[in-house]
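One chain, chain A, links the two complexes that follow: it is found with chain B in the first and with chain C in the second.
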Partner chain A sequence: MQYTDFAPHDLILLLQGLGVSIALFAATTAIGLAIGLAWAMLRYYRTPLLSPLAALLAELLKNSPVLVQLFLVFFGLPVLLETELTPVQAALITLSGNTAAFIYVIAVSAIESVGRDQLETARVFGLRRWQILRRIVAPQAAAFALGPLTGLLVNQLQVTSLISVIGVVDLTKAGAILNLRTLKPFVVWTVIGLLYYLMARLIAKACARVETRLRAHSEWKGL
Partner chain B sequence: MTFDLAPLAPYIGDFAAGARLTALACALALAGGLALGIVAALMRTAALPAVRRAAEIYVDVFRNVPFIVQLFFLFYGLPEIGVRLSAFGTGVLALSLAGGAFTSDVIRSGILAIEPGVLEAAQVSGLSRLAIYRRIVLPIALRSSVRPLGSVFVNLVLTSSILSAITLNELTGSAKIVASDTFQPFEVYAVLLLVYAVMTWLVSLSSAALHRRLNRGQG
Partner chain C sequence: MIHIEAVAKRFGSNTVLDGIDLRIAPGEVVSILGASGSGKSTLIRCINGLEKLDGGTISVDGHRVDDPKQLRLARRCCGTVFQLFNLYPHMTALQNVTLAPIEVLGVPRKQAEDDARALLASVGLLERADAYPGQLSGGQRQRVGICRALAMKPRYLLLDEVTSALDPEMTAEVLSILARLAASGTTMLFVTHEIEFARQISRRIVFLERGRLLADLPTAQFFAEDGGLAQPRIAQFLSKMTK
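Now for the complex of A and B:
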């Protein structure tokens, strides 16, 4: 057997990488969603001081490369705070923060998409601010946000590939390892690219299904 | 816990050299991406289904595969088939290909937003197909796409940081060297973050200004 041939073990490496990519994507999406929504609440409740600060931070995170944020957290933070960070922890922190910033922007525009007259009507009926958010704003904002959210999730999946640069063995890193060993860049990177493509497709399809459900209330049902 | 920027002062020249390389790569990729994007957008709005399909596949693939994978594919794959490009050339090529996919989306919606009456009037006037594209479709579509093209370009600038993964010492690559020279990674990358934020902010300001200039006198 030649050293540069593909071995059955390569498949395990590939699946491992795929698992790491999916797990990190799922975890950072969940954390980012929670933080981003909390962040948007600061704005909804017009918290003084914190609300403009949140907007500034989101702007900064949106307008700088994720790779630099990753380096800042992985190489910079341990030196500054004199602690240690594993590559996976650094990836979790960075990607969650980045996702949160984009979720914040989407959530803010979704909340603002709900007409003012509806809010005024609700207030006249004596609903509290929380009830308005829960019963009137949230259901409509969620349907509005799903389009941009789909784009964001597909994008964030691709962003996870950057963590390979700081040494997390995700799908891209598995590809880099196989590429260096087998010296067959076309096969390796085509397979890796295809796997990412399929995952992106899956995410887009899942989001489209949720969107149809959320929009069901406004659908024409016939007379 | 200290935050000291003073030791970075001697390295300003390295940062500037990196920034120049980033700017050059982005400018070339902008030109390449715009050219590719216009061709792809015209193909996607063409009458022939086969032409439309081919362009759709191009856009679909380059939008749904991570940029770093595309970059590695070209960087390791091209020499394999005898195409020898420098890291810089490969980087610009990859950025143009990816940028073209996103640009075509913007220009396509600009083309689709043209009122059919305008095109019918041009056809009735007996203009050739080339003249219609050159004199009517593209000017209208490009003018209305300036602002969204600005955000595509902002993304391009951010994406160009990934070129540091193929040994290109652009802004991020040179910052990596400075960080390992000074042992002050936090300060270096914090400064880098701000530099990118300022650069993208300038890009969006100038695209907004260009948009206003090109669309002056329009409601």
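Now for the complex of A and C:
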């Protein structure tokens, strides 16, 4: 067997990379969702100071390249704070922040698409702001948000591949390692690409299922 | 008692309500007539506390609408039915009716649902209780809207052109319910273009014209030659509407 042949342990490397990508995606999605929704709540409750601050932060994050943000966090933050940062920590911070910014934008527009007349009606009936949020706004906004959210999540999954640049052994980095050793770029990158594709399909399918449930009330089932 | 005193409301330079004085006592049915843009709906929105007053005061059973601390108590006394129904589209008819009793009054779910089913049954919609608004006709939606308002056991029912978005058949279906409510002693403030119906059920008729209260008369007197009809604007309006 030649050094450039595929070996069984390559599969382990591949699976490890896949695991790292999935874990990072899941963690940054969860954190991003929590932060982005919290920012949207600041806006819903018109919190002075904090609400414009969240809007500014989201604006900065969504209008600059993720790679630049990653370099800033990985190389810049340790210098500024005089601490050490592992590549995984840097990746977690960057991707969570970036996801949060886009979640914020989606959440705000979804909240605003709930009809004003419904909010007024609920107010007239004596519901408090948080009751209106919980019973009127949230269920409808969630249904509105799922389409854009699906697009965002599929995109953020692809964006995780950027973290291979700072040395995190994710699926893309595993591909790079295998490629260097086997010198079979066409085979390696096809397999890596297919794995990303399958994950993306899985995300889209899961989102579509949730969306169908949230739109149970509506005759409109989408195109 | 709904007590409206010297109420003024402006949108920019446009004066929509100009010194409105009006009292509605428990048990009364009062209809508000007037052309589109005369301020009828704005008056209802002011009583609901949805518009900030630019002058005057409104109180409902002594609770000041223009005082944020008393507004909730004032709103608790009033039930509102809207021109475009304003049902919550993601909730079934039953959920639309039970939402406020459960969330605001703290009624146990089981009891709220029993009450709601009884209300829906009284307007002939019991078998549609689990339908979403999108699956109901306009007339059915408005009947759900009426049940939703009644579920809060309001002392005053505010009706804002509740049949304007309905065809004649659906209008009849909604009006028959309102007639029954009026006959049973429900206090109603009824903004409408249904003049003949207003004449049948109202104790008093109020006529608004460009934000001013042109007449506030007992029904018979409003339609009398030497009463409301003596005013040229009212006579003109009625002749156009009843043609």
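One rule holds in what follows: the second predicted complex is superposed on the first by the 218 of 223 C-alpha atoms of A that agree within 3 Å, B and C clash if a C-alpha of one lies under 4 Å from a C-alpha of the other, contacts with A are read in each partner's own complex, and residues count from 1 in each chain.
Heads up, the rule we're going with is that a residue touches a chain if its C-beta (ideal position, glycine included) is under 8 Å from a C-beta of that chain, and two chains touch if they have at least 3 such contacts.
Remember, it's a predicted structure, so these values are computed and weren't measured experimentally.
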Sticking to the clash and touch definitions up top, decide whether chain B and chain C on chain A clash or fit. fit
First (chain B), second (chain C), both or neither touched by A:217: second
Contacts of A:113 with chain B and chain C, given as first, second, both or neither: neither
Quick check for you: in the superposed arrangement, does A:77 touch first (chain B), second (chain C), both or neither? first
Which chain, chain B or chain C, ends up touching more residues of chain A in the combined arrangement? B
For the superposed three-chain arrangement, angle chain B-chain A-chain C (C-alpha centres, nearest 10 degrees) equals 100
Once the shared chain is lined up, is A:125 touching chain B (first), chain C (second), both, or neither of them? second
Which partner does A:86 contact after superposing on A: first (chain B), second (chain C), both, neither? neither
Going by the contact rule set out at the top, does A:140 touch chain B (first), chain C (second), both, or neither? second
A:47 in the overlay: touching chain B, chain C, both, or neither? Say first, second, both or neither. neither
Smallest separation of CA atoms, chain C relative to chain B, angstrom: 27
Return the residues of chain A at which the contacts from chain B and from chain C coincide. none
Along chain A, where are the residues that touch chain B in the complex? 59-60, 63-69, 71-72, 75-77, 79-82, 154, 157-162, 164-165, 172, 175-176, 179, 185-186, 189-190, 192-193, 196-197, 200-201
Per the touch rule above, chain B residues touching chain A in the complex are 1, 3, 61, 63-70, 72-73, 76-77, 80, 154, 158-162, 164-165, 172, 175-176, 179, 183-190, 192-194, 196-197, 200-201
Which residues of chain A touch chain C once you look at their complex with the stated criterion? 117-118, 120-127, 131, 135-136, 139-140, 143, 217-219
Chain A contact footprint on chain C (complex, rising order): 48-50, 72, 75-76, 78, 80, 82, 84, 86, 88-92, 99-100, 103-104, 132-135, 148, 152
